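Pasting in a structure now, in structure tokens, and then I'll have a few things to ask.
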């Protein structure tokens, strides 16, 4: 069997699968009941209460920023840790500098009150 | 004076004077005036010394200084004088010296006034002694801004406001200079390609043979730039308004020497470097020159303000210089340089007299004035002298200039020259009308309080009036010098590559 | 590798961090030592760059270049930063407790600019660019209580991000064609004389648009006037001078080091951009009555003159760009220094706040006049020599029309520059008290005045420096 035929069969099967599932559901389901609830568009999560155009505390964003900075730091730290033995002292000092700069940023954010919840 | 950079000294002395004035406290008016007078006197004496020490047997550029300035652009700080630039330098020094005395009675912001005036003088003298195109242009535009500031701070608003007059003058001159600068840059680029190395030296650039169309284009650009400064029709509109708005000293310097930079530039750079272009563009300039002479003279007939009369008359007189340059021969060019000198002295004298009068009478309007010869005999003498020189009376320097111009121009443009001579008749009409209305007639009692010229105000009359008469009666020393300069310039043009174009 | 040559970048960044730290330690009123530290640190770095000017090195496989071009621009940025720091003393009091951060952000922006000038790689360039612009986003909106400043900050953030995205897209297209981000490798990969592939052309167009935005060239200039006017005046000064020069440094690097083979493609576009920028910038400036906004439009026009040099793409034009960028620092910072002092004194930046300045503070009026006329290109001030270079280059490259447009427009610009002079010298003065000028600001004014006059009268030394530093295709 050629590769094209494999792909062709695969394509047909994928098209058939949702159609089959829908058909099976139609066959085996109980008779549908019409109600207002059924007609609302589907949304995940909790229904909103009150107007949704409200202000969020700026602290959310500050938290997110600080979190992001340290998240990125982790991404850098990981490969560095894996190759630590090969990289030597120079890379170690460089990473210390990097962390020091980030720590200064954290200190600044702290002093600015970014970590305080009002 | 061998080895001593005398030309640099002439340029530096007014600058030092200006710096000194800026350092003096504003209240020290007397000291400020003395510094200005002393520095212009020093420049005048040095210029006279240079003129006398110029070796006429050797000719050519003398007192040459050359210091590499911008190697990358081939610019040298190069100065030198020859028979064409010496009269102009002398003229500037004369007028500058008189202008300080004509402004002796300035009482407000004395410090700003004299420091700007001295900077202005340096700029003008620099253009006449620079032999490097870049340095020439550097000095050329230095003059514009001090003039603007002097006009708006110290000028007078009569028919137009001084702000308007100053800005009009500035914009006209700067737009003209923009075209000039395009021409200079094009010349530089073409010269670099031909010479193989960058050079801004006027003589080296003149040694290159440029394509004729290129020459015509660049000469046209220069004629536009220099022509605006020379108040060539139809780019003359700034001149009467500007003079009317300007304070006395600025009118003197502007009409006296600044306009002459235009004529000087056309000869020294336009004609010398681009002779074939000059030959092509010359007929156009000649026609415009006649428009200058006749049109401006007719406007003069209708003017009532003394400054406007002299302003338009200077536009008219510049027509003679233009037709002389357009005639492109030795005699006419001699006449052009002579005329520039003569007109400079005359116009400065005229403006000095008007300034002295206006300062007391607060009017320059012909119908208001009259019979002033009764109250102010010395002022009347100055007016008469300037007026008669203006209409080219024999015995004044202007006669020498105009006569030489007509002789030279008649060989080339017969009809146009006849038209130009008719301008003399018009000049006689408006000058005599003006002199009559201001000076003569019955004594008018409302002018009895006017004081005649006295003390420092006498200096412009004596210096400039003396120069008009001296050159008029004894023209040969100056004329020989001019003849030497123009002759050598034309000889170089001829031998280099004229091929019978002139 | 000679890491000593990277010392300026490292030093400026560390200085910024130290200043930030000292500021944190001395809250809420920042210690006066912060300013001394920043100024003396910058001065030391400036000396170091001047001393090591002739040394060259290439780092990380060409990703970072320390050559005379980079050093020239480092000198430029450091001098600009120093002058702005010197003149901003009294204005900076408005920043209140955030004073130390103002110095820190200025230093970070400077570090970003230095990285841009030294970059030999698209990514390094972009990192430097973002470091600079992010600092400026913050600084533009630094006067929190001032609605205009806040608006400027937000506008700059949105539009700056957009232009960065455009530029990044251009970079990605260039990378897609050349398969490298290092300039020398790009030049080698796309050097073929055959017509450039469309993807590369699109990349060049997007890069040009991005850079045109950063240098505020018409028609990408819309952001500049509002942001220049809204931002605190010293920030505007630094934005107008150094950020523009940095964008030009990067522009020259990319177009001359990476894309010299595509010269016929971009040269006419740049020439057209230059002409439009000069004309529009100058004509709109004619109608301004606020000096800060006037200077904003004038700086748009100045970008046009600098573009002339790039469009010429020959030695005179490219030396001219460097020459002009340097003299522009002194002329423009001088003008902004006077504006800052006047704003502190009168509270406004309109033309009428300059009324009578010629009597109240002759020194300020003189510096302002000289600096503005230098921007207009009036001899014997520095601007003239710069314009001579730029337009000689343009004429040599065959763009005579561009020289016409440029020189005519620079004479038109005299009108609005002189309108400031007019206000200063004959405007009716409402106040008569002399303006107090603190001594650091006085030093800045003297330096600007002296440099503008000296470069104009004796252009030789700067011209020689520009000659060895210019990047050629």
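Should a chain be cited, it is by its letter among A, B and C, assigned in written order, with residues numbered from 1 in that chain.
Rule of thumb we're sticking to: a contact is a pair of C-beta atoms (placed from the backbone, for glycine too) under 8 Å apart; a residue touches a chain by one contact, two chains touch by 3 or more.
Because the structure is predicted, anything quoted here is derived from the model rather than measured.
Contact topology of the protein chains: linear, an open path with no closing contact.
The most centrally placed chain, judged by C-alpha centroids, is C.
Placing every chain at the mean of its C-alpha atoms, the farthest one from subunit B is found to be A. Averaging Cα coordinates per chain places subunit B and subunit C 42 Å apart. Remark: subunit A and subunit B have CA centroids separated by 81 Å (rounded to whole angstrom). Within subunit C, not a single residue touches two or more of the remaining chains.
The residues of subunit A lying in touch with subunit C in their complex are 101, 104, 107-108, 111. Interface residues of subunit B facing subunit C in the complex, by the touch rule stated above, are 68-73, 112, 134, 137-142, 144-145, 148-149, 152-153, 163, 167, 170-171, 174-175, 177-179, 181-182, 185-186, 188-189, 192. For subunit C in complex with subunit A, the residues that touch the partner chain are 17, 20-21, 24, 27.
Residues 319, 358, 362, 369, 373, 378-380, 384-385, 388-389, 391-392, 395-396, 400, 403-404, 407-408, 410-412, 414-415, 418, 421-422, 425-426, 457-460, 463-464, 467 of subunit C are the ones touching subunit B in the complex.
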